[in-house]
């Protein structure tokens, strides 16, 4: 097969995964939140409402594509693309198993984070381009928030990267084979517990989930930056949010929970063959926890959010990075 | 962690008189330059409402923002104005209750009772003991339903979705009970001059027992979910402070006033219905911030549960209503009767000219006076604080606009 | 302490998730209405299937929203004849004052609560049409008399 | 708790506010004064501890507008009603400097009864829009059906 065709097929596979994820995750969010809130969630379209999201996609597709008269034409149109494309790009370095991967980037982890940090530009463009006051506030909040949480997120992934000695996601996963003390899986979450907590907090902020949904802030900014969007433009922003959730959760699984590895059976060929399923299962569990947090907590205030990042999270993650580097050096040498 | 404990029992403390200050002039909204060096900047004026998730209906607030900081705020009312005070002048006394249900549509029994008391004091009607106890009982049930709605929406304002749906569980259970008693879930039309429409139906005691059995446990859950949550505490501590002086000067009543430490509760100050015969405490706050208003209302909820128990246990036998003619013509004169509604002192001022319709009825709406303070209370905070403060005031636009 | 309260809160939501939904799936499942529930006004008939209304017009006078109207004519023998008893459902607020006022038990607050309609005409109902009114003496309900006594 | 009529009269007279009438009826202590003395009277009462304005509203008596000020002292729960007559479309002093609680009700009384309050910092309409004609709580404004309004 020609490399070009291969690349095209891989990209298409990533797009397919993204779209399926979007459809599944939106339904999952509704069902998880409903369960947490003593409700049933959608029940009408299809058995148990499984086709609800499909119906929603059709609804969004048939809606009028509406642009406020005072909006900046180009920024307004470009913004959803700029929000959506990076969230798609972040899929590419991910590896579902040793063999199932979209690309083999040696700087995979860095690429995911770099792609993620493009999203706030799109959000800021949406907020500014809409020429609406609430949208503008939402866009500005998003920009401040993403900058503040980008740094602890980057620092928190350094621990596993140092342990594995590589930025390649497959190398990081393969470094988590085996057990410690005969029983404990060699997952990086144990030695890097602090790093993982920072990753979880920053990841929740990075995906703009409650308690960090500053840029949307339903009760304050009335969905903020996405306020003036309708139809599929809104749909893309919505989809990007869920795709970001998947990316963050998948990255967390890769870095801290042994990716596609089954604990205590990580050399078993059957378990390895099931790799993609294991990986998806772990990722979806992570997303479920994110939704659980989202369904429980109130929202922090924007100044508290920034103060928490700059005054607590960043110093702690810096100190933790230095500490783990020192300990690694002391133990390994 | 959750220091509800500092909400103490009533101490009888009242801020000293004379401690009044002339408030700042409510600034009209203007586009003010806030030049940072050479960069010309303008304050942003945004419309919060009339269709905004946190204005609890159709309130419209103009916010003047400097970045995210609120510089000035001005409420604009009237989106729900139905002219109830005018309509009342064309109705006979027993027909007014239907309108008052729709004034404060979250706690209609309180306004109905206030009206009934005002009419009774004008016409000199003696209300049977049983009716008084039933009134207190249904009002306390109504207080829980109202506070539950407040608690849920307050959580929503702060971004917490879960409490809203949990409070609906309690609210639904009690609305079902109220429907069994009064015939309607919210538009009760149950308390009438002279007594109440009908005696309690059979089985209400059991239904309330079932509710009360789980109520305290669920209240603990809310305290964990909100009051014990660090994010929530950070959001409400020291936010939207309305001190005792401001609160009294603006005529605030209810939990908003008591959160500032002023011991004023109509149920204690001028006991009506059966409140003289039951024991309860009035929880007080100290600072008057959103946290105090939250904590005071949470304690009120717990006390309402205990009051329902006492009222059920002590329910006397007897008639549920006195004989009152349909075409009641109270003698000419004026009367004022107030109840402690979930939002504060709800008063009905009746002016009678001796005919079968009131000459003038004034509804002293508690949320109307509680809301007036926002011009002052929102300034200086962030947009998020404005939402929290507004949520903690517990406004119902139906009674503000009337 | 940062974190502990958050974890406890998450335990609460998880506990509630375990309790399961409290939803009543409305059109498929229904809650029973309590005895006193007040919904659309409907007419009552005596044991012979004749309407109990005497066309005394008390309900019309009592309605705060003026949504009841009765067109009355005289029969040959001097009795009352109801040409139509109109009820504007769309403006009714179900306060029940008309039913309370009726001395003959001729109307009731029914338990019919699915009142929405796409047709505006459905919101004005003709409860009675072209019938002779009951004579007040025959219609007086023993229960009401006992209550009044 | 009802305060003495005489004591209230004394306070007001000492503040230079002569009373037209003072009585104690079903309502409580009711003092009638001239409208232009309202601010002085309320300030005097505030100085002796009536720190809350419970309510402020107007009534159309058929000849003029009667303003009612309902005051309360939280310490001993004493209540006083002040009443003053203002002719239609005439002016009463705004008392918001004494009681900021008066800010909203004064705007409401102004739009619904057609009196104005001198010195009100924000004399806009409160509940109705500019298009509404007439002062709705006046007795000469009649209730109309929706059909009549549409015509």
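As written, the chains take the letters A, B, C and D, and residue 1 is the first residue of each chain.
Here is the rule we use: a contact is a pair of C-beta atoms (placed from the backbone, for glycine too) under 8 Å apart; a residue touches a chain by one contact, two chains touch by 3 or more.
This structure is a prediction, so every number in the text was calculated from the model and none was measured.
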Chains in simultaneous contact with chain A and chain C:
B
Tell me, please, which chain's centre (mean of its C-alpha atoms) is farthest from the centre of chain D?
A
Using CA atom averages as chain centres, what separation in Å is found between chain A and chain B?
43
Between chain B and chain D, what's the gap in Å when you average each chain's C-alpha atoms?
24
Once you find the CA centre of chain B and the CA centre of chain C, what distance in Å lies between them?
30
Which chain B residues sit where two or more other chains touch them?
162, 166, 169, 225-226, 229, 231
Flagged in chain D as touching 2+ other chains are none
The positions of chain C in contact with two or more other chains are 6, 9, 12-13, 16, 22
What graph shape do the protein chains here make by touch: line, ring, star, complete or other?
other
Within the complex, which stretch of chain C touches chain A?
6, 9-10, 12-14, 16-17, 19-23, 25
Show me the residue ranges of chain A that touch chain B in the complex, using the header's touch definition.
33, 36-39, 133-134, 136-137, 141, 210-211, 213, 217-222, 295-304
Spell out the part of chain A that touches chain C in their complex, as residue ranges.
34-40, 43, 292-293, 295-297
Chain B residues within the chain A interface of the complex
44, 46, 52-54, 65, 68, 155-162, 165-166, 169, 225-226, 229, 231-232, 234-235, 382-385, 387
Please name which positions on chain D make contact with chain B in the complex.
25-28, 46-49, 51-55, 57, 59-60, 68, 70, 73-75, 77, 97, 99-101, 103-104, 121-122, 125-129, 136-137, 141, 143
